[in-house]
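A, B, C, D and E label the chains in the order they appear, each numbered from 1.
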Amino acid sequence: DAKEIKIALIAGKTGTLEAYAKQTEIGLQMGLEYATKGTMKIGNDTIKIIVKDDQGKPDLASALLAQAYEDDGADIAIGTTSSGAALAMLPVAEEYKKVLIVEPAVADQITGEKWNRYIFRTGRSSMQDAISNAVAIGKQGVSVATLAQDYAFGRDGVSAFKEALGPTGAKLAFEEYAPQNTTDFTASAQRIFDALKDQPGKKVVWVLWAGASPLPKLMDLNPGRYGIELATGGNILPAMVPYKNLPGMEGATYYYYEIPKNPVNDWFVTEHKKRFNNTPPDFFTAGGMSAGMAAVAAITKAGGTDSEKLIAAMEGMEFETPKGKMVFRKEDHQALQSMYHFKVKADPAVDWGVPELVRELKIEDMNVPIRNKR
Amino acid sequence: MSTPVLETRDLTIRFGGHVAVDAVSCKFEPGTLTAIVGPNGAGKTTYFNLISGQLKASAGQVFVKGRDITGEPAPLRTRAGLGRAFQLTNLFPNLTVVENVRLAVQARAGQGASLFSTWISKRDLIDKAQAILGRVALADKANQKAAALPHGDQRKLEVGILLALEPDIFMFDEPTAGMSVDEAPVILDLIHHIKADSSKTVLLVEHKMDVVRALADRIIVLHQGQLVADGEPAAVIASPIVQEAYLGVAKA
Amino acid sequence: MSTLLKLAGVETHIGQYHILYGVDFEVPEGGVTMLLGRNGAGKTTTLRTIMGLWQASKGTISFDGKDITRFATPDVARAGIAYVPENMSIFADLSVKENMILAAREGEMDDARLKWIFGFFPALEKFWLSAAGSLSGGQKQMLSIARAILEPRRLLLVDEPTKGLAPAIIGSLTDCFQELKKQKTTILLVEQNFAMAKALGDSVAVMDQGRIVHSGEMRELAEDNSLQTRLLGLSLDAHQ
Amino acid sequence: MSALPKPKTDFIPWLLPIVVAAIALPLIGSGSTWVTLTVAGLAMGMMIFLMASGLTLVFGLMDVLNFGHGAFISVGAYVAVAVLAPLTGLVQSPLIGDNLLAILAAIIAAALVSGGLGWAFERYMVRPVYGQHLKQILITMGGFIVVEQALHAIFGPTQIPLPLPQGFRGAIMLGDSAIEKYRVAAIILGLAVFAVMVTVLTKTKLGLLIRAGVENAEMVEALGYRIRRLFVGVFVAGSGLAGLGGVMWALYREQVTAQMGMEVMVLVFICIIIGGLGSVAGCFIGAVMVALLANYTGFLVPKVALISNILLMVVILLWRPQGLYAVAKRG
Amino acid sequence: MLRDTLLSGDTPRGKALSIILALILVALALAPFLFTGTKPLTVAAKICIFVVLVVSYDLLLGYTGIVSFAHTMFYGIGGYGVGLALYSWGPTWGIVLAGTVIALVASLALALAIGLFSLRVKAIFFAMITLAVASAFAVLASQLSWLTGGEDGRTFRVPEILRPGFTLFEVGDVKFTGRFISYYIVFFGAALLFFTVLRIVNSPFGRVLQAIRENGFRAEALGYRTVYYRTGAVVLSALVATLAGCLNALWLRYTGPDTTLSFNIMMDILLMCVIGGMGTVYGALIGATLFVLAQNYLQALMGSASEAMAGLPILPVLFHPDRWLLWLGILFVASVYFFPSGIVGRLRKGEG
């Protein structure tokens, strides 16, 4: 008795996040293929993907998820791109008592205060991002200033970063928050320089910025004259083009196709290059793939798509991804995973600044606090 | 003699260096029709604007029934009993003829603010508007858009709106300008009627001397913003200043 | 005299309204032709149709021999026709001077000509630099006329120029038209002021309900009271 | 001779930026910082002006409110990408001359392309709705969306990086204050464009003709001018300027997205409102003021920087309800 | 009689129009029974809410001739009012009411302030100022994230009987849940507001507004204080928009910037108003219906279209579902082209 397993993907396929959503979709597809050895079957049940476009709008996202569960009878849902939309989807999963794998929205609340037991997340939380960066940059005697956008995402990121910086012995000298839509960074730069220039020892500005990176502008203002260095997390490839002018810059990233060394990633990279005239997979493609593989692993382990069985199976479940092994933490269903401490190398043959692996930050290297209440 | 219903004291307005109306003091009694004549640019329309509140005086005051209204905005002056028909026709172009008049009737009835009663339920207002259209010979065009009226009819509508306001003081600014000689009488007869009502006061700006002769009890002459002559028609028209500066007799 | 402008069976629709039902008349070269008629007869519409501001739906308009029925407005003007519209259409936001600059299509304003105009309309010189919108009704009328005569044109279309003008100015306007006539400018004049019409007009056309109901020499009409009463509904003495 | 005094040109608005800068100096304290902020602000102002000038021109002369303006900015940016891609040689070259050559090519191409696009806009969208602001807003908005989506379809949704030519990297050091080279270039270009626009509008009959045409096109035609062609010309010029601004902006941002045009529109609108909707000079001052204020507040009280421009606008309008230079008495 | 009371004597005028309006009305009234699944109901509710939003905007735009870009702000105030109240004080009807009242008061104050601004500045400036104020408000909403949830907005619980979990009754295998009740609250709320506005525009007050739109100078001369009337219009439309926001919050059980404050929604409202026909109230009904349907089904349509065209040059690209915005833009342009006086205007003319 072969039946259909319906997996719904909600993503912001049109609007500002279009590019990211496209990557997620491709990644998911490839993930399912890889995990099912190309058969797109689990046991003898065939997988059917239902894709819905939430345009990055929360109201639409929750409505679409409801439709997916109710009208299309999806067994399990994956998504979405925008954090706001993802947060709006959480209660819907609870109402319909169906599993939702959040990917790639980063808001901490998703596996934090807004979490419910039907929510899992393969994507990294902004906390994981911040902590990994702190671990990468933080050393005894380093004084750090942060530059972030003045809204929830920026402030949460910095506070997590601050927390994680403590143990490393580095000191957070200054926090600068610029308006979200800032395009002229001169003022912020001046404030940061004034704050850092008289600090002893190594001085670093860590930039946490969604959208066009302020790094080149900071660089042009010649921070070198005060011995100030720049640092930031990884990003999608086109956004790393400016890094090319910042060789030696350090930080921690979520994924770069040349870094992870495992069979999954090898297949992933070669196959992706093959299919998309030689472009390597990117941030969100990797995320999508991880989500796909998680779904298959879960359904296989649970031996079906019954929500309760799935949850039981997924809590604490280990599964393979292009980033190696991930684990759904029992307490908050956040997928713990490696991050990568990198140093930028300018390779004339490559358009963007290449983040070369300094060291892999393993799950146990980062302690990611649990923020949800069960 | 009866107290003036309208009075201006040293009414003055300057535009930049130019004094358009220069210390004009004048009283107007009820039941009279005063014609205001003067060369183009003498300040007649501006004088009207100062009285009806379209312009703020640089100096001097305006009194209506003894009350100083110099500081008040146009709407309040209208409610005080001043009614004005404009020189350059000034209507609600995309509303129908009858609606144009009705808005005036409604303003008079002070029902503009009623929110939840329907416009159509106010039969009395409509009938009144229709009646007025009859008086200005526009009844047959009641449902045309004002914009589509020929110039002459627009002038009539202008007067109709003024009638609807039932003011105590009528101010006509060249009411028959551009009206064919067989249509003008409609308006002129109207003005005759108003004048007949001893409680009403009429101010009339007019360039057509025959019309002035036919209607005016009194003529005042403005010249370069100043009041240069004031008196009963025959005398004023005969005065040299009018003959030269205005009628240009010397020239012809 | 040869014919400068000729309308034959011109019909005009405005929106769904049918306004002109076949207008035929001729404007002889060098003379003043009066176009008379009641309010709403269609005089303004006729002038606008000539200028190409309304499109004639039927009939032909020929100017100096060539058919200008389908001409766009600028081309009509360039053919040598100047226009003083009923509502004056002065550019309120521009100064009097700027209004006149635009009237000088061929380039600079000719000072001599300007002096000549100021002779008739002194007010314009007085308010040379002030915004046209702030002029008095009559002054606007003067500006509108001045604009049309700043550069000599073959034909001048004027729609009710005396409206709102003081008698003295009507006098000088009449002189002005006389001189233009001497300068070989043909004039088509819409006018309600019958006295002026009599003084100026050589030939006349009378409209009613979108048709020409009479055309011929001005003299005939001036002398024939019964005809006037029939056509214009006025007996001369009523309002003179 | 005239009764009314000749209209005097009023210089007060020109003093505003100077006053603001003067007040800022003591508050900031460090002179070098002040110089850096001020120069940066001026440059930013110029770039905003370059993007806004076209819009204010079109509005001031033709009373057309073109929400599609943002599209022309984006298009300019993408053209820059397309042009500079093959010119990597010139772009990478450390010689400023080569860089300038590349940028010049990009600017010209962009101006041409957006100009052409502007022609299409005028012909097929704006023409039917002259004098109807609402419909203008809608139809140009629609046009904007179409163009934006077309850009997506052609260049893909992903942001495209646009590296700044090497010669314009980094800063010139004046004592302790760093002045980015690219900003200097922006200032020069901005001033040049401003000068050209002002001369054309004041020293030629063009400005008059179009202003008259906006008030009463029929009459201008009755005077024998072919006003339609002129309108097209102005619109094309306005769009061209937007394209030019787009290139400068894209090079500054060092990346290109289809939304970048719309993102700056609110800022652009604020500037031309402050300036007096249609006044080129006003727009110029407005842009400079907005940028300067953003930098000063950004340094002194970052929270305020977020709404500094809106505050500025409200204050200005309370002072002069028509904006710095009132253009025409419009409804 | 109905004609004079309910419709305030302002009938649709035109057979075709009347029929279309009737159809829409019936479809909306019976939506839960006519269609199955969540999507149709979501769409129907959205239509109801936008009808109110657009009709209130028409009062401003079509009848008073004021262009404002701050309409979504008031919509947002409504949404946040109810949303945040429920979020922070718990899901009871009392709270819903409280939230509504708070929102109305806030809107009233803001509208008055803005209205008074409109007296100082020219129409087009007013438009631009509202644009700025609205964006400032949006910034504020995202800045006060502790209260508003910032960019992410707030998801909240509604009173028990409105939740999908709650089952009202079952017919065969079809369940009528809390959504059913919520829908009818939205529907009747919208209907009430719609007819209220219809009444207002047909009142003496409404006529004065039109007069002011036509010729404010003349209206003053008739003795109307245009200042007060315009402010009145701004306030009224703001309040109705606020109520629309409240309904929306109840329906979505979510409130946030992109769903209430975004400039795109403002543009949508403008378009619906113009497509439908400005200054015709009924236009709002048609405009909103058409547009919301397009928004929700265009993408699906295009999906099948582009598949049909697979293989052809670029066409599939243009018809790819992800390019639906392109067609929306074309809809903008086309609607202005083909319905200069709006669909209502067109239909009425059609009848001569």
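Convention: a residue touches a chain if its C-beta (ideal position, glycine included) is under 8 Å from a C-beta of that chain, and two chains touch if they have at least 3 such contacts.
Every value quoted in this text rests on a predicted model; they were computed, and no experiment measured them.
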Shortest walk length in steps over touching chains, chain D through to chain E: 1
Chain of greatest Cα-centre distance to chain D: B
Chain A and chain B, separation of their C-alpha mean positions in angstrom: 76
Cα-centroid distance, chain B relative to chain D, in whole angstrom: 49
Mean-CA-position distance for chain C and chain B (Å): 29
Chain centre separation in whole Å, for chain D relative to chain C (CA means): 46
For chain A, residues contacting two or more additional chains: 18, 150, 180
Chain B: positions in contact with at least two other chains: 15-16, 18
Where chain D touches two or more other chains at once, by residue number: 3-4, 152, 306
Contacting residues of chain C [partner chain B, same complex]: 17, 37-40, 44, 86-87, 123, 126-127, 130, 134-139, 141-142, 160, 163-169, 171-172, 192, 194, 232-234, 238-240
Residues of chain D defined as touching chain C within the complex: 1-4, 6-7, 205, 208-209, 211-212, 215-216, 218-227, 328-329
Contact set on chain B toward chain C in their complex: 15-16, 18, 37-42, 44-46, 87-88, 148-153, 173-174, 177-184, 207-211, 245-248, 251-252
Residue ranges of chain E in contact with chain A within the complex: 37-39, 42, 142-143, 145, 149-153, 155, 163-165, 252-254, 256, 258-259, 299, 321-322, 324-325
Complex contacts: residues of chain D adjacent to chain E: 65, 125, 128-129, 133-135, 137-139, 141-146, 148-150, 152-153, 266, 269-270, 273, 277, 306-307, 310, 313-314, 317-318, 321-323, 330-331
